[in-house]
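Look at the two complexes coming up: chain A is in both, with chain B in one and chain C in the other.
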Partner chain A sequence: MTMLSYLLLSGITTGALYALVALGLVVVNKATGVINFAQGELFMVAGFIAWSIHVQFGFDFALALAGAVLVGFVLGCAIDRIAFRPLLRADVVAIVLATVGISFMLKGIGRIIWGGKGDYLSFPPITSTDPIMLGEIVLVPQQIAVLAGAIAIMLAFGAFFRFTRIGKMMQATADNAKAATLVGIRIERIYTLAFGTGAAVAAAAAVLAAPLTLLYPDMGFSFFIKGFAAAVVGGLTSLPGAVVGGLAIGIVEALAGGYIHSSMMEVSAFIAIMLVLLIRPTGLLSFYKARRV
Partner chain B sequence: MPLSFLRRRNVMLALVLVAALLPLGANPYHLFVANLIFIYILLSVGLNLLLGYAGQLAFANAAMFGIGAYGTGLLQVHFGWPFLIAFPAGALIATAVGLTLALPALRLSGLYLALSTLAFAQFTQWVFLHWEGVTFGAGGFKTPQVSFAPLPVDHRHGLYYLSLVIMVAMVWFAGNIVTSRIGRAFITVRDSEVAAESLGVDLLRYKALAFGLSAFYAGIAGGLYSQMLNFVSPEGYDLFQMVLQKAMVVVGGLGSIAGSVLGAGTIVLVLEGLREFKGAQEVVFGAMLLVFIIFMRGGIVSVIRRHVPGWEEPLHRAGALPPAEPPTSLPLAPPAQERGVS
Partner chain C sequence: MSRMTRLTCAATLLAALGAGIGAAAAQGQPGVSADAIKIGTFGALTGPGYLYGKLAMNGIDVVFDEVNKAGGVNGRKLQLIREDDRCDPATAITAVQKLIHQEQVFALIGGGCSNATFAARETIEQAKIPFVVVASVHDGITQPPAANIFSMALTSSIESQAQLAFALQEGAKKIAVISMRDSWGRARYLPLMEAFKAKGITPVADEEMSPDANDATAQVLRLKATGADAVIMVLFPKPAAIFARDAQKLGFKPILIGQTGIGDPAAFEDQVGVPGATAKFTTISMVKYTPTDPAVDKWRTLIEAKFPGDRLSNFNLFGIGAAQALVEALKRAGPDITREKVIDALAGLKDLVIDVYPGPISCSQTDHRCNKFPAWISKEPGGPIKVLSITRVE
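And then the complex of A and B:
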């Protein structure tokens, strides 16, 4: 019971982080129809920025969060302007390869700037590290804090789309880009915003993840592929689907790691992607047939 | 035309001649780099068949390269097979895996294919790392050196010429594939699957063929690579390897065999030039990929095509089509092979 509850809690916590990465991917994919392959590296860079602000220069955690989100947003917009807008009329191969190119540039830059400071950079925990026992259930305050943060970001994200003008414009563009143009929405700007918002969510996730996972230049890809697995489980265009998918991947990963073998943790996401895409390419949660050919 | 002697065939022949004579005046390091270029030419030509011609956005080529290398090495180490048998066997294992990967490609396209093959590549990497009883885990393993005993060459020169001969033969073969019915079918699949099917191109067969061919090229390259280094470890076949190969194809030119040859040469030379600045490699290759995609999508070859007359790479064999021969069969009846009868 103790083991199970611990595994479930840590699975839900990492799952919530995957869900945030997945939300970023889904926002970009909904608006533009492509996947930003640099999403994981944005996550990594944002985590390091937060580390620099918080640990290196000793500022507040809140300031680190804000700084990382801001940098993430700006980088996301830059990716749109550099690797997406010039290729609007090109095929998907060109766009994917361009974002892959950017992701390697970011990874290399991250390694040059922060890689020399030791293999793994540790980020101080936000809360106390003593676990709380509730009967047989173990609660780790750090995980609870991360979970709360992730839920807050998800709610803010949902509210942004439902209640703000820009959020509604983004929804309209995702729904029908031509019609959106007709009613006067400048869809190129929406694309930029989508890349920016997606990156900002990833950045927030990175700051939340940093105390749990440590920071290293290669962390981006693993979060990207797991975030993507989460998005795929949810069908790649559904925001709630991404959240459910993220939690599912996190829990499966934690249970597989705890009960089968610790090396199963890394691989369960890849297996999930391959299985879901083979069996139900529209995602486990979508009940209507809408496949991009 | 001052440049008209620079026909594609002449340039390629000159390059082969230079490569054949290189061992006469090269130090071991030059020979190593040249051999590396041959191996990367195999990789990029194979990847170009899949990505540039058949238009399948697959990310598993580095994994196929690894499977070829591991297959060749492990058959030698565990079963004591001689290299000359383990090497084709390793390439065949890679081909078989590549053919299996074609199955999801039938249902998925574009991004979905990219990500499922990416997941597959990471899965392969995980197997290399964690199946320690067979693959020796993260530390890798040494492979025995092949001896070219009856021939009067040492290991280095023997392998150099073996790679050269295989590379030339396989590039020539690829050049013939793309000017044949198969190559034209690949291009139709790339440009529109619906149009391809309506023309009688069997998607299953041609996608599987493209995946199998590119995996075979990668497997052959892997076998040679394992023998060149006499060492196999997981990190040679990771994401960085993947981006190197993508950069070769894009820098050379998507959909051009000659471009793949030039791209592989360029990338290996840059890679070796950056040997002292390891940290910069990722940035440089990422940037090359990006810059070529945005500013020169046709790659180096598109520039050459524009300035050198006679460089065109037609999709049919030059001279094979008589200029204006009337069709012998009824225009509405497609050839039997394309109806999928054979």
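And then the complex of A and C:
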């Protein structure tokens, strides 16, 4: 029972980070129909920006978080302008390749700026490192903080789409871009916003993940793959699906590693994805909507 | 002119002619001129592997500077040309090709990331250019031996044997293994399993971690359940740090035995970030000194003068040691230097004492793994790095 609780807690914490990366991917995909292959590298750059602000220049963690999210948002908007907008009428493959190109460019920049400061850079914990005992279970404040932060970001994200005018405009564009144009929504701006928002979420995830993991310029791809897998499990266009997908992958990994063998950790998540796609090809939470006519 | 004088003149003429022919032969060698020898180096200049690339190259650089200040090798100054392999096998092949064919270097020294250096082996072997390995440990680089490749780095099988020997020396009864199973990890894991077999020991647990792992709860719980009192870590610093952190979190406190992949205990303590988690961590160093040791003051001064902002590190010392071995071979090859002579000189290095290595360097025609003395280092939490012991691996 104790083992199960440890594994579930670690799976949920890791899964929450995957879910945040997946959310960023889904936001962009919903609005533009494109998978942003630079999402992992945006995650990496944001992590390093936060490291520079907090560790190198000694500013508060809150400022590091805000700075990283802001830089992430700006970079996301820039990707829209560089890799998406000029190719709007091109084949979707060209756009995807452009985002792949951006990912390599960001990795190169990361290597140049932060690649020579240590093999892996550590980010100081934002909470005490002393574990908290809850009965027989050891809780690590850092893990709890990451989980709480991830939940807060997910709720804020949900509220943004549900209650804000811009969020509703993004939803409308995602549902039907032509209809959105007809009612006066400037969809180019929505595209920019989608890329920016997706990158900002990746940035927030990176700052949360930084104290749990270590920073290095090649870290983006593994997070992208897990985030992408989570998005696929969730249905690629469903925000709640991204969250469910991320958590599912994190939990499956932890349980398979704990109860079968650690060699199954990487494989199990992808076996689970294949099973999900065999049973529900559109993902766990992607439903065909009924339209009013 | 007397008969004696005529003989003396003839002998002098012959000697001069011989020297001329020798110099001409040497100058016919790629990368050798009357006053310089071009040496190529490759390794990561950027990315996480830069420690084994750029920093080792900085070490080579200061050795070459010292040699040049003292008049060079048999009158020729050494010139170092760097190429970035980014720890990437394909890039390493391109880097080596560029150094050999475009830069026309005479010899190579370098190689930080094992996979990249291993990928470049075939190109280097075909070019028959002398190559001294600085830090790459993959057995496949030197086994089976390529006539022209000599390693001053400890190799993966030597390190794996040393890891098991250290666990036994520390009195461990239940030894577990946690490893990465990519090509870097397998190059160490397989010889480690052979070492276990040779000693008639079965590890109590054999777990895996991916290089990008962000959590090791599952692995720690499984190892803890076996009651392991020593864990041999065949991991990069990142998964190793995650493992040490989660082990501390879950109250699992065995001896943690690293290898040169986690070669800097100070950086590792920082990466783990949890007080006390590295208290029982010991790892292998290719060199017998720590960067703060007064014995390496000379190198510290040279590194910090040439590369302002840098502080002497173990990785500099890797380059310093390998460069000294290469310089010795270049000297022994004589003024009419050829690649073949340098290769012969490298193969003939025996009991060569180089100040930074834990034991003497010995190569032979059949064994090009020239460094077989791993040093064990550890760092008390908050304290300095200490050299604990030196193991000789047969």
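Here is the rule we go by: the second predicted complex is superposed on the first by the 262 of 293 C-alpha atoms of A that agree within 3 Å, B and C clash if a C-alpha of one lies under 4 Å from a C-alpha of the other, contacts with A are read in each partner's own complex, and residues count from 1 in each chain.
The definition used in the following text is that a contact is a pair of C-beta atoms (placed from the backbone, for glycine too) under 8 Å apart; a residue touches a chain by one contact, two chains touch by 3 or more.
This one's a predicted model, so the numbers in the text were calculated from it and none came from an experiment.
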{"item": "Which superposed partner A:Ile271 touches (first chain B, second chain C, both, neither)", "value": "first"}
{"item": "Chain B versus chain C as contact partner of A:Ser10, first or second or both or neither", "value": "second"}
{"item": "Touched partner set for A:Val92, first chain B, second chain C, both or neither", "value": "first"}
{"item": "Partner chain in contact with A:Val232 - chain B first, chain C second, else both or neither", "value": "first"}
{"item": "Which of chain B and chain C A:Ser263 touches, first, second, both or neither", "value": "both"}
{"item": "Chain B versus chain C as contact partner of A:Val138, first or second or both or neither", "value": "second"}
{"item": "Partner chain(s) touched by A:Gly115 [first = chain B, second = chain C, both, neither]", "value": "both"}
{"item": "Touching both chain C and chain B, counted on chain A across the two superposed complexes", "value": "111-112, 115, 263, 266"}
{"item": "Interfacial residue positions of chain B with respect to chain A in the complex", "value": "51, 55, 57, 103-104, 107-112, 114-116, 118-120, 122-123, 126, 130, 193, 239-240, 243, 246-247, 250, 254, 279-291, 293-294, 297"}
{"item": "Touching residues (chain side chain A, partner chain C) in the complex", "value": "3, 6-7, 9-10, 13-14, 17, 111-112, 115-116, 118-120, 122, 124-125, 129, 131, 138, 140, 209, 211-214, 216-219, 222, 254, 256-258, 261-263, 265-266"}
{"item": "Chain C - residues contacting chain A, complex", "value": "45-51, 54, 86, 178, 181, 207-210, 212-215, 217-219, 221-222, 237-238, 241-242, 249-251, 267, 270-275"}
{"item": "Parts of chain A lying in touch with chain B, wherever the complex brings them together", "value": "34-35, 82-83, 86-87, 90, 92-94, 96-98, 100-109, 111-112, 115, 221, 225, 228-229, 232, 263, 266-267, 269-271, 273-274, 277-278, 281, 292-293"}
